[in-house]
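One structure below.
Chains here go by letter, A, B and C, matching the order in which they are written, and residues are numbered from 1 within each.
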Amino acid sequence: MNRLRVLFMAAVAIAIMFGVSGVAVSADLQQKLVEESTIEQVAKRGLLRVGMSTFVPWAMTDKSGNLIGFEIDVATRLAQDMGVKVEFVPTKWAGVIPALLTGKFDVIIGGMGILPQRNLKVNFSIPYDHSGVAIVAHKQLAGGFSRLEDFNRSDVTVVARLGSTSAAAANKVLPKAQKRFFDDESQLIQEVLNGKAHALLAGAPLPAYQALKYPDRLFLPLPGTFTKEPIGFALRKGDVDTLNFFDSWIRVVEAEGWLAERKHYWFETNAWESLLK
Amino acid sequence: MIHRKPTITLIDVWVLLALLAAAAFVAYRVRVGLNYHWNWGALPQYLLRYDPQERLWVPNVLLQGFFMTIRLSIWATACATLIGVAMGLLRVSRSRFKRMAAAGYVELTRNTPPLVLVFIFYFFIGDQLLSTVNLEAYLRGQSPAVQALLATLLAPPGRLTAFLSAVLTLSIFEGAYITEIVRAGIQSIEKGQREAAAALGFTRWQRLWHVILPQAVPRILPPLAGQFISTIKDSAIVSAISIQELTFRGMELMSSTYLTFETWITITGLYFVLTFGCALTVERLELRWRRQRA
Amino acid sequence: MVADGLKFAALVAVLSGLMIHATQGLGYHWQWYRIPAYVVSTTPAGIVFGPLLRGLGVTLQITAVSLVLAFLIGLTTALMRLSGSILGRLAARTYLELVRNTPLLVHIFFIYFVLSPVLQLSAFASAVLALSLFEGAYASEIFRAGILSIHRGQWEAAFSLGLGTWRTYRLVILPQAVRHILPPLTSQAISLIKDSALVSTIAIYDLTMQGQAIIAETYLVFEIWFTVAALYLVITLALSLTVAIMEKKLTVKR
């Protein structure tokens, strides 16, 4: 019995050694795979997987459960031009970069602002859009506030989306204010509407939309945006071919005027609202 | 404990007064304080919608999320049972090392918040499942019929990796509880059984297979069913890693349509129906089974 | 025994090695040196608690308040269920079924986004309410089981001495039930600490939320999550140990 036990344990030990070295070997192989570009893999697969999050009107769900929006149009056209199908992976915005880095999808096309801190982890294409952070405030709680500094007090609460450029802007521009970050836009809007926060920082045109929708409770303390940031595709590092492909594609559709036309449709008209409800 | 027949007592009066006061307060506040435009009419279309192409009523986002929750719970409980049984047997083994290993797993898993575990495991496991990307490619090449079957049983090929990650994460979490259930079940078999079997010349494995387990399994099944119901509730946590189950779908819906109140009430109702329904079914089955054995 | 200990250590080493391999394949590079600043730092003014420890403080705060409330709700519900009142039993049963058949996450969202605008609750109050209602349901079962475990003879003796129901509970039953109730209640406290992580979804700056905020800025994903898990483990394992010791000391030997 003792000898059997020893043989068994030896077998287990050898299995573990092979297992660990197998992982090491496949890790080498994996490095090679990572070196191979994303567009090659997409072309082989015949499918482009795009990570995004719900941001009205960049990406939203319509009545039939399909995704519509500016980013959806961009991604669909991109996949079309690559000759592949497109698939969207709705992800919580705060976790979208870790999800990209762990291979849950190929690219983030979701209105992601180019920030140096993000750039340390992911690569960005050239900008295909520009956005800015705007602010909408509660009429009673923040009545009379007309400058950013008015909000920079410790008794003021502002809300923004976790992991967004608006959150970064809030941290930077309003260091003294209480900041609360939520995952979803609807939660942020409810916070201000319910009088639990003084103001909401978000990418334009959301604040303006909300001020129009609830004129009795919300107002715009500052007109327009107080930051300006470029929006680009985010992709994994070390992938020159894919980066070049996206950059060139953006230049092409920009020269066509297609980007401007789509931007006008989604951001400056209301034609798509009936699709939602 | 003296059991008494339910009658009208002073407590009834107090409870009734308290409930009426609470209801009045809520009604008052809803009328005065709430500035919400209710729009219940817009909600049913997100449960079921009429597809003009297929001429059928198909489930829309909320029901799709509901079915995903059911699938997640069933698969997670199945895998968790496998893990739990294996670990449970380790927990009662004679080797101290095996007992320590299993105990380490159980203590670590049961003492960490599920939300934190989910975040950690999802990003770790995700990469290990990179190999299933090839599985994905293979599955996408299959006929639509096979893909439809897969979508009903598990998830559509695109979501398969995420689904499997979520199932594995939930199984590891629930497995720790099932380990304890299995351990308690095995240890509840009285020592006399083990000694008698040993006296009859059964080896350890034979003892386990022929004597202990057949008696332990009926004691394990009721708490196991309770664990399935717990899994249904815990599945809501994987919405934090963007798995498209009911809670996540509901939150996405609210972001697009701002139907906050209606959606939350519907989601709560759906979970209640599912869990309460399962709990009642389990109770009925247990009663019937006990009558059969008695 | 030493051999077993060594085998266990070897197992832990192998598993950690596999994990590190996995993250290397991801191209993730660890930056553990950045973490201590978020836990605690020494400044000229003295020791300053970093965001993670502050978050832990909030977690403990929420847990403590919720525990007391859950205790009260649980005891009341158990007593109502054991009473002779029809409405009392019905109300208790309805509360239990409603709470036990819906996920805590949905409770938290529901109370915060639907009920709190109606009832004017703060975020902290909403979180405490959700947690105490949820844990109170399980606590009530613990109380009920503890009370039912007291021998019938105790009741009869108390009644024969002329004590009413209320005084019997107070002077005879509950003091004896304590030893049956305390260990499971402490386990419930552990559950409460773990479940309190969910209040991060309504942006209450507990330990988990602080972790998420730091990750959203710095992308130190794995380092932060492991540190957060370790901090929770310190508290919960300490409580688990307490439960084990309590069970040994309080179990009645038959």
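A few remarks follow.
Methods note: contacts are C-beta pairs under 8 Å (C-beta built on N, C-alpha and C of every residue); 3 or more make two chains touch, one makes a residue touch a chain.
Everything quoted here is computed from the prediction, not taken from an experiment.
Here B-C and A-B were compared by C-beta pairs in contact; the pair with more is B-C. Distances between chain centres, each the mean of the C-alpha atoms, put C farthest from chain A.
The distance from the centre of chain A to the centre of chain B, each centre being the mean of the chain's C-alpha atoms, comes to 30 Å.
Taking each chain's centre as the average of its CA atoms, chain B and chain C sit 20 Å apart. Each of residues 30, 98, 102-103, 183, 187, 190 in chain A touches at least two other chains.
Across the assembly, chain C contributes 22, 25-26, 113, 117, 201, 221 as residues in contact with two or more other chains.
For chain B, the set of residues that touch two or more other chains comprises 123, 127, 240, 260. For chain A in complex with chain B, the touching residues are 30, 44-47, 49, 54, 56, 60-65, 87, 89-92, 95, 98-99, 102-104, 183-187, 189-190, 193, 217, 276-277.
Note for the complex: chain B touches chain C at residues 1-2, 4-12, 15-16, 19, 26, 29-30, 33-34, 36, 95-97, 100-101, 104, 107-108, 111-117, 119-120, 123-124, 127-128, 229, 232-237, 239-240, 247, 260-261, 264-265, 267-268, 271-272, 275-276, 279.
Note for the complex: chain C touches chain B at residues 1, 3-4, 7-8, 11-12, 19, 22-23, 25-26, 80, 82-89, 91, 97-98, 100-106, 109-110, 113-114, 117-120, 147-148, 150, 152, 155-156, 159, 190, 193-198, 200-201, 208, 211, 221-222, 225-226, 228-229, 232-233, 236-237, 240. Interface of chain C with chain A (complex): residues 14, 17-18, 21-22, 24-28, 113, 116-117, 122-123, 201-203, 205, 212-213, 215-219, 221.
Only residues 16, 20, 23-24, 27, 30-31, 34, 94, 97-98, 101-103, 117-118, 120-121, 159, 162-163, 167-168, 171, 180-183, 187, 190, 194, 196, 236-238 of chain A touch chain C when the two sit together in their complex.
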